[in-house]
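In the two complexes below, subunit A is the common chain; its partner is subunit B in one and subunit C in the other.
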Partner chain A sequence: MKNRYFQKEIETESREKLEENQLKDLQNTIDRALTTGFYRKKLNDAGITSGKDLKKLSDISGVPITQKDELRSLYPEGLKAVAPEEIIRLHTSSGTTGIPTVIYHNRNDIQSWAELMARSMVAAGAGPEDVFQNMTGYGLFTGGLGMHYGAEFLGMTVIPTGSGNSSRQLRLMNDFRTTIVHATPSYLLHLYDQLEESEYELDDLALKKAFLGAEPYSESTRKKLEALWGIDVYNSYGLSEMNGPGVSFECEYKNGMHTWEDAFLLETLDPENHQPVPEGESGELVFTTLKREATPLLRYRTRDISRIIPGVCECGRVHRRIDRISGRTDDMLIINGVNVFPSQIEAVLMKIPEVGTNYQIHLAKDGALDRITVKVEIYSKLFTGDLGQLEEIRSRIRSRLHASIIIHPRVELHEPGSLPVAQGKAVRVVDERGGDS
Partner chain B sequence: MKITQISVFLENRKGRLHQVCDLLGKAGINILALTIAETEDFGVLRIIVDKPEEALAVFAAEDLVARQSDVVVVQIEDHPGGLADVLAVLQQSDVNIEYMHAFLGRRSEQAYMVFRFEQPDEAISVLKKAGIRVIENDEVVQL
Partner chain C sequence: MKQLHIFLENKPGRIERITAILAEAEINITAMTIQDTGEYGLFKVLLERPNEAQTILSEKGFACALKDVLAVRVADRPGELNRMVALLNSKGINIKDGHGFPRPNNESVFCAEVDDLAAVERVVSAAGYQLFEG
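And then the complex of A and B:
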């Protein structure tokens, strides 16, 4: 396999050189963070008043952890380590009920994100000759614009279709000889079903690769997609607080995702005591931004569980690889690529007076897509005896859930006392989607 | 004049209707009329019973979602177009029917319909003026 690089020097420099730069960038990041009230207090409380207080990389252990809730509490002002006129974009997290997190970008941030993204795609074998169809949502969802900027920067021909509309996706793939797509795994499975029913033939398409992210999927699903479409599938990892995609990406060896350590200081910590786990063992991924200027984040807890794959990859990149995400340290659900907390669903339900206190979230596979069913008990006192009222309640629950969490659940109404009662840890979520994580 | 009907919310669960009827039977309550309106996964059972207060107490004790409402029971003349005549009277007076269902009298050969009106009092006076027989409260158990 011939190895392609986008920024060969950064990608293949020695570990010593990489760590030397990391320390410098970490010190700079601490100094930038110290210009924000939030981090000034946090760092001063930990006895850090300057980036130079960190003498070596392992001194990161003295830097306080940053939790998502802390970022939420700063919304909408967020963290700004640059002058407001320098900021050119913001993204908020998909946590749409409750409070999202906001990340600001200045021009350098957008540029370095595009570089990381381009570097990722080249590692997976993409080049300027490719036609790239971006099938994920644009807008606040970072997967859309993140991939888009990277693909343009790399010089591919980008078709910015956004998500959905399968027949148009297939037509464009066919008409413009698309060679690479970016999608969620479930959407790509779904699209295959649509292909079979369409006027297009797989043999007529030019598709070679797919970049998949935004939701967990198993190695067997990758194999299945590769076999169905006759393509190579590469895993992508990112989160909106670390820009979005372009944090970790698979190279052509498909053996774990290279984490761009010049831009993100990677730690795997025990979620309970925040102590590092031995390399190779599972822990919570914790990242510190090393390059971002507008919104620096220090030791940000991702809640994602993975492990660092020991050893050096055959591709020659020095940046360490992480394994696919094996779970979460919280109860977040990923439903067709959308992040949903049961508490968000609960918050919507509890604002509907005709709904009782018991509910259950049921997840199953419907073909390739996730199907969510929300079961609620109705509240006796507000029952009017009218079937129309029940149907109205049901459609109101559906539309409220869609408006606030962007999910389209089936809603079932149940008699009071018929769902498992909330005692201790109630069975609120029944996930029957199988071991696809 | 206005008759008490009880609406019960039911999940579409096997044997659920039987369970509910059984509850009433064991309490010595007679079901005089019964209809079910349903969708794919839930329904509303509507019943007229001889002892509505007791039936409501039974349902409450079982945590069933039940609601009482007033309906009007009307005698339908036993000839072709009998129901159409009643509906025509109501329509001419702009009385809105929310829903209706048949009432199967046990003792007489007569046909009766159960009507749920938005404004039952107005409907009753319209019906009476047109000479249509509206069943009285104490009559309903005799039908």
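And then the complex of A and C:
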């Protein structure tokens, strides 16, 4: 295989050189963080008053962990380590329990994000000759704009279709000879079904690759998609607090996702005591931004569980690889690419007086897509005896869930006391989607 | 007339749970109907001692409510239901749900859920009908 690089020097430099730069950038990041009230207090409490207090990379262990709840508590002001007029964009997360997190970007941040994205896509074999159809949502969802900027920076021809509208997606793929798509795994499966019913033939399409992200999927799903479409499928990993996509990406060897360690300091920690786990063992991914200027984040807990794959990749990149995300340290669900916490659903249900406090969230596959069913119990005391009331309760729950967490669940009404009484949170969720991811 | 509406999931054995409880309490069921949506429905019963029945079923955990419904005695012969329904229709009265059952002596009872029950009862009484009192 002929290896392609976008920034060969950064991608293939020695480990020693990489770590030397990481320490320098870590010290700068600490200094930037110290200009925010939030981190000044946190760092000072830990005895750190300057980036130079960190003499070596392993001194990161003395830097306090940053939790998502802390970022939420700063909303909407967030963390600004640059002057407000320098900021050119913000992204917010989808808003767990109502309060999102906000990440600001200045011009350098947007540029370096585009570089990381371009580097990722070239690692997966993309080049300026490719036609790239971006099938994920634009807007606050970082996957859309993140991939878009990277693809343009790399010089591909970008078709910014956004999500949905399968017949138009297929038409554009056909008419403009699309070679690479970016989509969620479930959407790409769905699109294949649509292709079979459409006027277009797979053999007439020019598709070669797909970049998939935003939701976990198994190796068998990857193999299935590759076989169905006759393409190569590459995994990517990212989270909105670390820009979005472009944190880790598979190269053409498809053996784990290279984490761009010049931009993100990668740790795998024991989720209980925050101590590093030995390399190769599963732990919670914890990242520190090394380049971001507007919103530096130190030791941010992702809640995602993975492991660092030991050894060096055949592609020659020094940046270490992480394995597929094997789970979460919290109970977050990913439903058709949308992050949902059971607590968000609970918060909506608890405001509907006509239903009881017991509920169940049921997840299943409906073809390629996830189907969520929310089961609730009718609250006896407020039951009026009318069928109309029951239908109204159902549609009210549906529309409130859609308004607050952008999901379209089926809602099932059950008799009081008929749903299993939850001993712990896990019992509330029945996930029958299968898959080994 | 009070009719007891019980919310039930559409699955085997649910109605028997209700009838067993009522049987044990020795409450006689005069008539019943089921309004179904596929997943769930309402079991609607006209019965003796409706307040007591509701209390017992509520204590057993069922979601149930007493509804005031129109119950009118009509003669059990051709055209009588039509005459009754035509009367309601002529007054712009909408029937949301209903059922009927025969009684001894060539009589039937027509039972309907309507808005503004008191007004509807005045309409049928003025037309010479007798309300069914159970």
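Note that in this section the second predicted complex is superposed on the first by the 429 of 437 C-alpha atoms of A that agree within 3 Å, B and C clash if a C-alpha of one lies under 4 Å from a C-alpha of the other, contacts with A are read in each partner's own complex, and residues count from 1 in each chain.
By our rule, contacts are C-beta pairs under 8 Å (C-beta built on N, C-alpha and C of every residue); 3 or more make two chains touch, one makes a residue touch a chain.
Note that the structure is a prediction, hence the values are computed from the model and not measured.
K.L.:
Clash or fit: subunit B against subunit C, after overlaying the two structures on subunit A?
P.N.:
Aligned on subunit A, subunit B and subunit C clash with each other.
K.L.:
Of the two partner chains, subunit B (first) and subunit C (second), which one does A:38 touch, if any: first, second, both, or neither?
P.N.:
Once the two structures are laid over each other on A, A:38 reaches no partner at all.
K.L.:
Figure out whether A:412 sits in contact with subunit B (first) or subunit C (second), or with both, or with neither.
P.N.:
In the superposition, A:412 contacts both subunit B and subunit C.
K.L.:
Counting only touches as set out at the top, which of subunit B and subunit C does A:380 meet: first, second, both, neither?
P.N.:
Touch partners of A:380: subunit B and subunit C.
K.L.:
Considering only the contact definition stated at the top, list the common interface residues of subunit A for subunit B and subunit C.
P.N.:
The answer is residues 378, 380, 383-387, 390-391, 412-418 of subunit A.
K.L.:
How about subunit B: which of its residues touch subunit A in the complex?
P.N.:
5-7, 9-11, 37-39, 41-44, 46, 63-69, 98
K.L.:
Please output the residues of subunit C touching subunit A within their complex, sorted ascending.
P.N.:
Listed in rising order, the residues of subunit C that touch subunit A are 5, 7-9, 14, 35, 37, 39-42, 58, 61-67, 97.
K.L.:
Using the touch definition from the top, list the residues of subunit A that touch subunit B in their complex.
P.N.:
378, 380, 383-387, 390-391, 412-418
K.L.:
Any idea which subunit A residues touch subunit C in the complex?
P.N.:
378-380, 383-387, 390-391, 412-418
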